[in-house]
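Shared between the two complexes below is subunit A, which has subunit B as its partner in the first and subunit C in the second.
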Partner chain A sequence: MSTQFVQAVWGGILFGSVYGLMALGLTLVWGAVRLLNLAHGAIFVVGSYVAFFVVSKLNLPILVALPIGVLAAAAFAYLMHLIFIRPVIGKPGFDNSTLIATVGISIAVSAAAILIFNPEYKVIPPIISGNFTLSDVQITKQGLLVIGTSLALFALVYLFLTYTRRGMAIRAVSQQQEAASLMAIPVVRTYGMVIAISGALAGLAGVLLSPFFFLNPNSGFNPMIQALIVTIFGGLGSVRGALVAGFVLGIFESFVEVYYGVAWAQPGVFLLIILMLIVRPNGLFGIGEVRRL
Partner chain B sequence: MLEVKGLVAGYAGSEVLHGIDLEVNEGEGVIVLGPNGHGKSTLLRAVTGLLSPRAGQVLLDGKDITRWRPDAIAAAGLVHIPQGDLLFPEMTVTENLLMGAYHGPTWSERSARLGRVYELFPWLKERGGQLARTLSGGERRMLALGRGLMSKAKLLLIDEPSLGLAPLTTQQIYASIHKVKESGLSLLIADENANHVAGLADRVYLLETGSLVRQGPADELLRDKALLESYLG
Partner chain C sequence: MSAQAAGAVGVSRPQLDQAAAPWRRPSIWAIGGGLAAGIVLPLLLVRIDIGTYLITLLILFFVQAVVAQSWNLIMGYGGIYSFAQVALFAVGGWTSGVLVHSLGWNPFLAILISPLVAVVAALGIGLPTLRLRGVYVVLLTLAFHELARVFAVTGPRFISGGGYGLVTVQTFQFGDAIGDQRTIYLYYLAGLIFAIATFVIWRVIHSPLGVAMTALRDSETYAVSRGINQFRVRLVLFAISAFFTGLAGGYSTHYNGGISTTIFDFPRIIDLLAMIVIGGWGTFGGPILGAGIVIGLNQYLVALGDYQTLILGLALAGIAVFAPQGLWPLIRRLYENYLAPEPLAPAVEVSPAAPRDTTEEL
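So, the complex of A and B:
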């Protein structure tokens, strides 16, 4: 196998699982709460900085910092739900007010990160260091960990939604909110739970990815935009769509990058998406408003 | 068990119910009869918290539940089977039923209830794995009824059990509601057809333009053909 090909495949699978991991949280929240959470990148950043703080200021190992970062991100997302989302649930203007609130939270988080830390790039150590080469391509062990984690989380979320009482309740709420409340399912509390789970996923992505991209106050922005694209490509609210679209776009982007150069990667992805949306306006697995989790 | 006092409710700009007084006792079958558009659904929605009343009180076993959220009212035992069934379309028949027993029981208790519902509607068991959105109108209604029965209801509120169904299916639906009544569950049924509910009713209320105009024992009221004719048309 040529080095180029292996490089493209490896990069594609790695990108794909990263995109999928970020998109999973976005698509869950959209599917269940009908909330377009533009603070998803900010939650990613909160998780990363908390982990950075634990590692560099408290001098604890990254394996301790990881769960703390994830919990902090989940708690931050839940707090966002309590203060900004819950008060407007079921009110007219929910879409607009939550859109503005989540953008506002993003701006506030990056400003806070600059004030508390500083705008310089930070380094979070990988969970596993080291790498090996395959056809002259460097495969990092952290990269393999990211791929494995992402796939495992998709499986976990799928099993949770399909077989557990609370997971089924999330689907029930997303499909027919009024009936769910008549079945004694606490709708608002279920929303809070979904938002916290999504926050934990974003925080985990933040801690695992920062060794690749470095950490700065805006480092959640690009992953969030990519995740948004993946979510739209896969069909808003579809978990399967997020998984498939993450890998399709990741691998496509990586091949374009390796064979035609970095400059073509983003335009190539957008071209692919535009073509796909002409054929399937609701995304790969979306069937409009009807399709829920 | 259920007491409604001076209930006033409506939607933006228009008052639909103008002070309703109604009660349902333990084990009783109570029917609210009225033509379409006179507030039957609004009454059930206001009782189970889907619509917040403007005035009046709803009491369950003496406890004021007027401002409770729908999920809390359902958990307290008032289980509402709404018009249009409102199934979970992308969930299977079995999953829909299990959601009916969301509150309270353990998984073994849930499967015991599932067994009882399957006894009542053997058909639901055969179709267990089918998605709810692929069912026909009559099948949906049975599933909605079965899902309501999965809960630990004290009182089942059913909105127009036969709305939009073919005559044969209508018969099946009322036959199964009969069995439910015999099991001792209290019922509050909103309907527009006196013949359908004749065997189910202990007491009847007549609802007209948002007010209860008559009430009485079923044998008395439902036998008065002249009254029903003038009233339901």
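So, the complex of A and C:
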């Protein structure tokens, strides 16, 4: 196997798994709450900065910082739900209001990150260091950890949604909100739970991914765009779709990057998604929306 | 005989409810007064100390208000969540910048080309995008924004200028006019663009096309089943919106003497979005009012630095959730309650079968 090929596959699997993780959060929120969360990148940043703070200012090991960062991201997402999402649930103009509110939150978070820390690039240490080479390509152990963690989380979320009471409540709410509330499922509380879970996933992605590229107040934007693409590619609201599409797009991007150059990676991905939307408008595993009067 | 018959036909047409008619005309006096004030204002302002500064603020206001109005046309009225507006502005700016910088055109000629190129770019985005809905439009337009940014930074040298944008583009020259005199001419040019854009957007909103797009936003299925071609309406709107955005972009390039790649920064989108949201989403006067407020506030808050962005972001989120109507409907209500010459005709009866109350939009 040539070095280039291994390089492309490794990069693709690594980033694909993280895109999948981000996309999982987006797709859960979209499926259940019908909320396009453009603050997902901001939550990613919140998680990473909290972890950075714990590591660099409190001098605690990264293994302590990881759960704190994840919890902070979840708490932030829940707070966002309480203040900005809950008041408009069920009102006309929910789409407009939440879209703009999440854009506003994301800009406020990056401004706050500049104010509290500074615009300089930050480094979060990897959880496990060290690497080995496979046909001249450096494979970091952190990378293996990231891939393992996201696969495990996918399995966990899948089991949670399929077998637990609360998971079934989430699925019920995303299928038929009114019927779910008639079955005495606390719809608004379920919304809050989904948003917090999605925040935790974004925060985890942030802490795990930050050792690979440096952390700055806007570093959540690109992963969020990638996650949006993955979500749409896989089909909005589909967990399986997020997993498959994450790897497909990650590997596709990585191959374009290795064989055609970095500059073509993003245009290539956008071209792919446009083609996808023409061929299968609802994504790989999406179910068409029922149009209502 | 035939003339009589024609007259009779004319008379027998059903009377339109003037207050409810979306095509009602504004008062001549209001328009004339506004134009006269706009023409006289800079001549008065140059006589006071900070006058030149105020004129430059007004120029900024005109440019931003044109972009905000165009964006509101598709986002507020059309319900298309397009985030490509800043990119279209940049397309206009770069077109005219390259024509002047690399080919040595006259700036006045070049800014006439930039709206056309912006329209072509808009059709390019619109054709794959506008058949889709909501989320997909957000994603694809953000993607276009990102692609345009990457191209502007890493593209060929006559576009990227080495990564910073075009830095030395020839500015507008009005004969030998310099200093205050030149600023006044620049003001008139910006004011002209603003006036034309505002007039056309007013006409579009208060035309069958405008009614069609409001109908599509409020109840897509109902509108489509009444025979409105959704894709065509959206594409035409997108093109109109891009036209004026591109024009504003071209003006701005020759006003600033260059166009920097920093215009793709996210805060620029936020500023424009804040204008629309604060002023009033989907109202005619909203973005104009919002542009005035945001530009005015920015001057006061500029000392706050990054706190400004923080406050703006939170304000945006707060207004979107707690006062989604914005300020314009409030002002309009006050006007109708206290200052309107005569009480408006009773509201149009909306049949209970209508999917939702549409009296407010009319």
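Throughout what follows, the second predicted complex is superposed on the first by the 289 of 293 C-alpha atoms of A that agree within 3 Å, B and C clash if a C-alpha of one lies under 4 Å from a C-alpha of the other, contacts with A are read in each partner's own complex, and residues count from 1 in each chain.
What we mean here is this: a contact is a pair of C-beta atoms (placed from the backbone, for glycine too) under 8 Å apart; a residue touches a chain by one contact, two chains touch by 3 or more.
All figures in this text were calculated on a predicted structure; none of them were measured in a lab.
Steric overlap between subunit B and subunit C is absent once the structures are superposed on subunit A; the two fit side by side. Seen from the CA centre of subunit A, the centres of subunit B and subunit C span an angle of about 90°, rounded to a multiple of 10.
Residue contacts after overlaying the shared chain place A:185 against subunit B, while subunit C stays out of touching range.
In the superposition on chain A, A:171 makes contact with subunit B only, while subunit C stays out of contact range. Contacts of A:133 after superposition on the shared chain: neither subunit B nor subunit C is touched. With both complexes placed on chain A, subunit A has more residues touched by C than by the other of subunit B and subunit C. Judged by the touch definition given at the top, the superposed model places A:266 against subunit C, while subunit B stays out of reach.
When the two complexes are laid on top of each other via chain A, the two nearest Cα atoms from subunit B and subunit C are 7 angstrom apart. Common to the subunit B and subunit C contact sets on subunit A are residues 291-293. Here subunit A touches subunit C in the complex through residues 30, 36, 38, 83-84, 87-88, 92-93, 95-112, 114-115, 218, 221, 225, 228-229, 232, 236, 263, 266-267, 270, 273-274, 277-278, 281, 291-293, going by the rule given at the top. Residues of subunit A touching subunit B in their complex: 165, 168-169, 171-172, 175-176, 178-187, 290-293. On the side of subunit C, the complex with subunit A involves touching residues 81, 128, 132, 134-136, 138-140, 142-143, 146-147, 150, 154, 219-222, 266-267, 269-270, 273, 277, 281, 306-307, 309-310, 312-318, 320-322, 324, 355-356.
Considering their complex, residues 48, 50, 69-72, 74-75, 79-80, 82, 86-91, 95, 98-100, 102-104, 147, 151 of subunit B touch subunit A.
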